[in-house]
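Encoded as structure tokens, the structure appears first; notes follow it.
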């Protein structure tokens, strides 16, 4: 039997961290994960924090210490921590020789200005920004394989970029027209901290828009679609479901296309990408088909004029939108098939 | 005590018909409603069909007969029936001297072509199309007061038209730019007939788009916003909630505006309209605030460039989007305040 | 037009308080309610706290002061406050000459020991305990009409007592047999304060039991069913719905009965009680039929042995289980029909 | 690499059949499953029926034919078919030399009378009733390993039997006292066929009891707890969630016990059973912790009198309550660890 290096996971109490734990504990081709938290409160075993893990997901919980991690057998550290904590820890873990996969937004942009403008973080909020690779494997697999610091993308951003990039690279987008990204996410995307507006009674039976023109995933979308800010509207809405994102992306095409041409474009662009599923023209993805998977499903409807196109992109905000994509990135760095342990 | 003429309601088994029944039974300034159905199956009292009405909502159920209705004391007939049934019954009821408020789509357009193209109905599917008044009181109150045949608007159409009309009339919309209407509705909008895709398990935890570029409310939207088909994208999505619509409407303005100007435009346009609620700039409506009401709530977010505008329009698809609006129309014809019995 | 005395409502920020506000604002036969809160934070109007009230539910918000209330026109004060606050305020308001309807548990038992044992409150936690009338109108309407201090019952307790009392008074319950009350409530019953276990993601798709053998509604149930503690098991479960209670109550009958006899017993016991709805034998109530009403619906299934009986009792925890029942009590004190303003 | 015999699955269109497909397609230690349906309608591949399987769950769909199955490499056939179909097919498949695991109720009782009384099936509805082994591995693992025909238990029955059997075998239950089983299930338990009462709008926000004293799982519960019918009340309720069962089981103990003794009893009874999780005294299971697993979680609350006991038993109706348990049974027959492929 192969000997695997272990995995260090920092931060496991949020929804993303727990999802990551679940995926890593199921993963057969990696070493045993060890979980590090700021306050152990006497807990030694992950199932003490999460009773649903009893019987299959026993794992160690240890007090967070970069030294302890550095001296462990771990080759990779995941950061499922707030931006500020990731900004502080990632450089130290890199210095200690670990590969770092950060699930926060702390390293998603190379530009310190982004953080001042969109995250309201001080400038510079973190060293080594420029070393980070944006961890979207469908676009940047080669760089990810070699990366020491991987910035795992935002959930909304993943769904929108994967919908737009093929159109953009092919030059299909009519210049001068606004691209509208109307995105809807389940409530786990808002985090686990108790908040009045996330109380069950406030979300069930409700639906609302939030953070218009102010969402932090905006700069990622702009950077990786190469669209100017002036041509994009990106809005976010809260769905009364635990998990899942559906983004409806509206574009005007430069010249008329057929549905077959659009489908062919996506199929060719994502050929060989095992976690992209392109729908046939006339069929649309839905959230229930991607929840608890690492797939991004893409479908579309094209007006008979051949120019007005709606692309519908669907993924699980905790899966392909966060923890699943982080594991996909891990797989690339380890030379494994990218969907190992993911479906 | 005043003597009221009674109300005839045809079709009460669907969600819209039942909502209408509830509103009419609570309404204090009208006569007692009588309910007519194709097959009574031995039922004489509405609470035999709907046990939740026992104790407060007793009303007669009778076999459907235009003659019976004509000979009753009824002055108004509501049609909560399928398009085809409304098309057949409305002219007969009009001939019998009743005012007709039709909740189907059968009379929403004056053009027979609309029905061939969007409803797949034979041409002509109904006589007297041209006599119908589109029952959107915020736009056409004067005509509604005098109308003999009122075509109650579609739920999505109501939310979109009320969002766009002030901008359009003011000339704020930049020509050449596509208007995107991304609409989401609760499941009661899909009707009460059992369908595999409306099974609880298929809707709960799910979200999906449907009927892209094919929804029957499209011609209403085009006609009452005066936008050409080539400039509009209207999409619909199924929310995992029983009732409520939220429409996110994306427009580009012809020249830069301030949030105050946008708010002022809406306030002025809807001045005196008691069922419109305009949000302050920076505040957005949400579905839970309109469910079980007859309000249409409108809010917006304006980009700092002053030109990219998102209008969010919220209503209850069974309230302002159907039965509530029908009662609002009734109130106008009876010379009552338009929100009598509605909030 | 009659001149009504106004109504003072203390505490409006919770789910019960808001429901009470909604009912009072719709009530046509009472004076205008005024709302008192500890911290106004500059708010003067209720719709500033609750945007869903704009356009129909404008009412004054004032800083809480017993003196202000005493000098107002108010004849009745509602307390929608925590137990400790009610314990402190009710005697002062009584001294100021107001009638008090308390929605907390502070006065539900005449025995100070109950509060030490079940509420963990100091003894005595409140003066004037013995003056309170338990505000369950189906049992105590005469006392309620004359009461100065009304202790509005608990939601679970209401559903269980109304199911058991007819059987108990008729001597139908076999001695020596345990009565099992398996109760399920929507999440608004747990209050509005943000709590991790009430986060949407933790409640949606979930179901769990809680507070077994420790729920504070136990002493009410025992006192008003006259059952000894040793013969009752009362359990509570959290439903993934915003509102509604369904209690399944299991009893063994002393001698065999027919379904017709059971139905007749309930019908006779609740004859004239306009807010009780007894189902026919073989038909069962469901939560959706009582939500947003003040009804308590009762149905049952009787084993063919005539002795094993399941009584199913359904109500809205915010309606008949709290605010609606408080208004029903108000109506009695004002000499109105008890369901005025309630259905 | 080992050569596995393939698996035949008959019936895949329902929720149970699809769950079974998902589990078998993920299972690493069995041969490729082949799916047989009455009407293929031109479909050859499972992902044509279920788009969510694209990209990972490709499998053959063939027209149902016992001959085809008999001539295939299959060693085991699963029947995810209605009772009547299973009754007809199982004997033929047995005759063809296959092992049969039937997920319907057709073989759950050895007594033909049960089927007349509870299932309204003609007598005898199926040959070879007496050969079937009840597939509850925690009780009958030895017989299951050798069985040719396995009757997979009902979902409710599994949850109740696993809660009661340890108490019953230990002689803890007081004679003469009724055992109350108040069970609640998610909507997938009601099947996938469109029904008005399973429409999203009728289930969301609702809760109701159904089938009181008439549920088909009753005879299983009686047979495998050895309780007389006269001492059991078993009720079922519909939860507004897609999947999961929670059963609250109420018993009176013959003599007073401590919580530690109750916990020890369960731990000892289920020692070595890897899919049972016993909660510590004072901690209770919840549905969200078992959904999409094959665990049955059991917790309890004991009154301080030591005699009134509430046992709470939780499982996934599609997992341990149906498809998962069927795979657990398969594992036993193949000599695999019983949870292979299940967590």
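The first chain written gets the first letter, and so on, giving A, B, C and D; residue counts start at 1 in each chain.
Criterion: a contact is a pair of C-beta atoms (placed from the backbone, for glycine too) under 8 Å apart; a residue touches a chain by one contact, two chains touch by 3 or more.
Bear in mind the structure is a predicted one, so any value in this text is a computation, not a measurement.
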Contact-pair count is greater, between A-C and A-D, for A-C
Relative to chain C, the most remote chain by C-alpha centroid is chain A
Just the number, please: Cα centre separation of chain C and chain D in whole Å.
40
Between chain A and chain D, what distance separates the C-alpha centroids? Give it in angstrom.
37
Averaged-CA centre spacing for the pair chain C and chain A, given as whole angstrom:
46
Multi-chain contacts only, two chains or more: what residues does chain A have there?
202, 204-205, 240-242, 288
Taking the touch rule as given, give the residues of chain D at its contact with chain A in the complex, in rising order.
51-52, 54-56, 204-205, 274-275, 277, 279, 283, 288-290, 292-293, 295, 339, 343
Contacts from chain C onto chain A in the complex sit at residues 15, 186-188, 192, 194-196, 198-205, 240-243
Interface with chain B, chain A side, in the complex: residues 177-178, 180, 182, 184, 202, 204-210, 212-213, 230, 233, 235, 237, 239-242, 244, 246, 248, 250, 252, 284-288, 291, 301, 303-305, 308, 310, 312
